[in-house]
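The first chain written gets the first letter, and so on, giving A, B and C; residue counts start at 1 in each chain.
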Amino acid sequence: MTQSPQSIWTDVERIRAQAPLIHNITNFVVMNNTANALLALGASPAMVHAPEEVEDFIDISSALVVNIGTLDATFVAGMRLAMRKARTLGKPIVFDPVGVGATAYRNQISEELLTVAAPDVIRGNASEIMALAGLNAQTKGVDSLYGSEAAIDAARRLSSVWGSVVVISGEKDYIIHGDKTAVVANGHPLMTKVTGMGCTATALTGAFAAVNADYFLAATHAMAVMGIAGELAVAKKSSPGSLQVNFLDTLYELTETSISNRLQLTEA
Amino acid sequence: MTQSPQSIWTDVERIRAQAPLIHNITNFVVMNNTANALLALGASPAMVHAPEEVEDFIDISSALVVNIGTLDATFVAGMRLAMRKARTLGKPIVFDPVGVGATAYRNQISEELLTVAAPDVIRGNASEIMALAGLNAQTKGVDSLYGSEAAIDAARRLSSVWGSVVVISGEKDYIIHGDKTAVVANGHPLMTKVTGMGCTATALTGAFAAVNADYFLAATHAMAVMGIAGELAVAKKSSPGSLQVNFLDTLYELTETSISNRLQLTEA
Amino acid sequence: MTQSPQSIWTDVERIRAQAPLIHNITNFVVMNNTANALLALGASPAMVHAPEEVEDFIDISSALVVNIGTLDATFVAGMRLAMRKARTLGKPIVFDPVGVGATAYRNQISEELLTVAAPDVIRGNASEIMALAGLNAQTKGVDSLYGSEAAIDAARRLSSVWGSVVVISGEKDYIIHGDKTAVVANGHPLMTKVTGMGCTATALTGAFAAVNADYFLAATHAMAVMGIAGELAVAKKSSPGSLQVNFLDTLYELTETSISNRLQLTEA
């Protein structure tokens, strides 16, 4: 396996060239952010949740991103149908179990959605990954109470049960598939002061999965690009309002050189 | 007909003086952007979709903007009632058929809404205008696969059937009503890298229609202001995060001179 | 009573240290803004509305913020359950009756929610406070047609009936509880050109109420911090797109000195 700035850059160039249509069923808080991040990266985002149309929309999409951040019955109905259809058509599914562990409803819906269609990639913080693996993890709403390392065993278990690539986001991001592990040490703590940065990472993973059928690589590349763009944005100004704006700018302006200069990726 | 920087500016001054209340039933992705754009222009936006109250709200509003970007049954029920009431009261209706052509549901709802109340202005990209006119147009989610020119015949047909002013957004914007055509060549390609710029154009059209009962002029003025504000914003910084911020600033700072200096408007 | 820059700062430091989880059931337009403002201040926001889970979520939250800006049946069902549970557990409830007075539905739901659980703090503009007090106030959608002073009697009546601290936002903010009154003269008119600044004030009040059980002080501190951060942001650039970004930056960068230098607070 050879992950490198070059392999990341190749995927970025593919996204820019193909502008893959990414179908998002996501939460109200981040719809605007994640649409703009996908556009800045070069993809073509759409937010479509109505049960009446999600299956039709999967037909024309290159990847499905499902995020339960502000779930309710209508959205969950759309998620079920979209995931089943995406699985049938072999289109990549990326799943973000926001806040799982915080309520029984989130636990039940997350479990059910995994059963409907095992996602190709699952991305969450340590609390979420532990909760999704059935551990009795504590959560603080949508924030994690643990470092990423605490969830490695849970991630491996999830990966083994569902066959998914599992990403634990945090100060370091762990990307786990079977017995493979990649660690991305990019990013900046200030990113936790902007809402939806995790959701944005999930959405970008959808774009990488649309152009790279090796989802372990796709997820690793997405986390690296996310972290590097965040670092570059914080370098411009270290305050959260500016970070949100500069993050989109740096994502759009990303070059192979900036990836080379900053990438902190190790594999085990 | 005499469209000019002066006639545009007169409408902008009316909006600033009257702050017309614009009732939006729009999509989740752009609600914040379009509310802020309406405020920056000088209008007073409100987002109200519940079937229980949309009719009451039309009573106090100066224009209705309907956008199906993230439609579902609840929103569609509100759209129906609001459009019927607005038509009864003679208040202008602006319709944005986001993503029509992408799914059967969008096609069906769009057709039904046209029947409920023929809009005064319809604004879409070329794919959407062609799909709404019943052509078998290809779409890529919410993006067009055609240049604006490809949709001129479809726009003319739509205008003839529904009596609406029809706007085709793109590199050039065509504003069509019966046998009249205006072409606005303002704007910048980077605007397609910010989500909801089309939806914002639709929302601004609502504000212009609230102060100018000649909806052909109102739509043309809206597209000109949209394009000019976009150009001025890109001139400040050519990246999409900054564009979103600078667009609101330039809209707020707009002067008659900046319109005069930049307007690229022709009529046929 | 001794409200001072020091007492405000003590609360800000508590929020930063404890990062209280603030449960918001709010409107689609401002979810992103208010989440980011809560993060910038130091709190931990979550947006959770589904009736299936709001009660569970109240269990782990430190305050509940309810805002009816884009209410519909699903959200109202969640609001009812969350408010009842928060009241049972003695967790602070902050209520923002956005647009009450504009439609019969808003009036009916607002009255009903007050009955479900009298809020600890109610924040609105003058039109909203007058309408909520049963006066036949005129509204212009979500904007007030009156100065704050016009609503003082209404606020006092509301406070007397429900026991709530009542905040009237405007050029001056009046914070009223029983026979106590505080007046905050901070803020800037440009803040009315950014959508959701009132909703943000409400959300921040939730954070202050989570760390200060004297809700009269909590509400006063929130309005002072809101106004001061707004002034500092306008001082950087006096346009609405930039204001939105700079407001989050200044909120994050807030110091005791900037509060001392700018606070305009009087008590009666």
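List of remarks:
One rule holds in what follows: a contact is a pair of C-beta atoms (placed from the backbone, for glycine too) under 8 Å apart; a residue touches a chain by one contact, two chains touch by 3 or more.
On a predicted model such as this, the values are computed, not experimentally measured, just so you know.
Judged by shared residue numbers over all numbers used at their interface, chain A and chain C contact each other through mostly different positions, with under half in common.
A turn of 120° superposes the CA atoms of chain A on those of chain B, with the angle given to the nearest 5.
If each chain is reduced to the centroid of its CA atoms, chain A and chain C end up 33 Å from each other. Multi-chain contact residues of chain C (touching two or more other chains): 28, 32, 74, 244-245. Of all the residues in chain C, the ones that touch chain A in their complex are 19, 21, 23, 28, 31-32, 35-36, 39-40, 44-50, 52-53, 56-57, 60-61, 74, 244-249, 252-253. Those residues of chain A that touch chain C in the complex are listed here as 27-30, 32-33, 69-74, 99, 102-106, 139-143, 192-196, 237, 239-242, 244-245.
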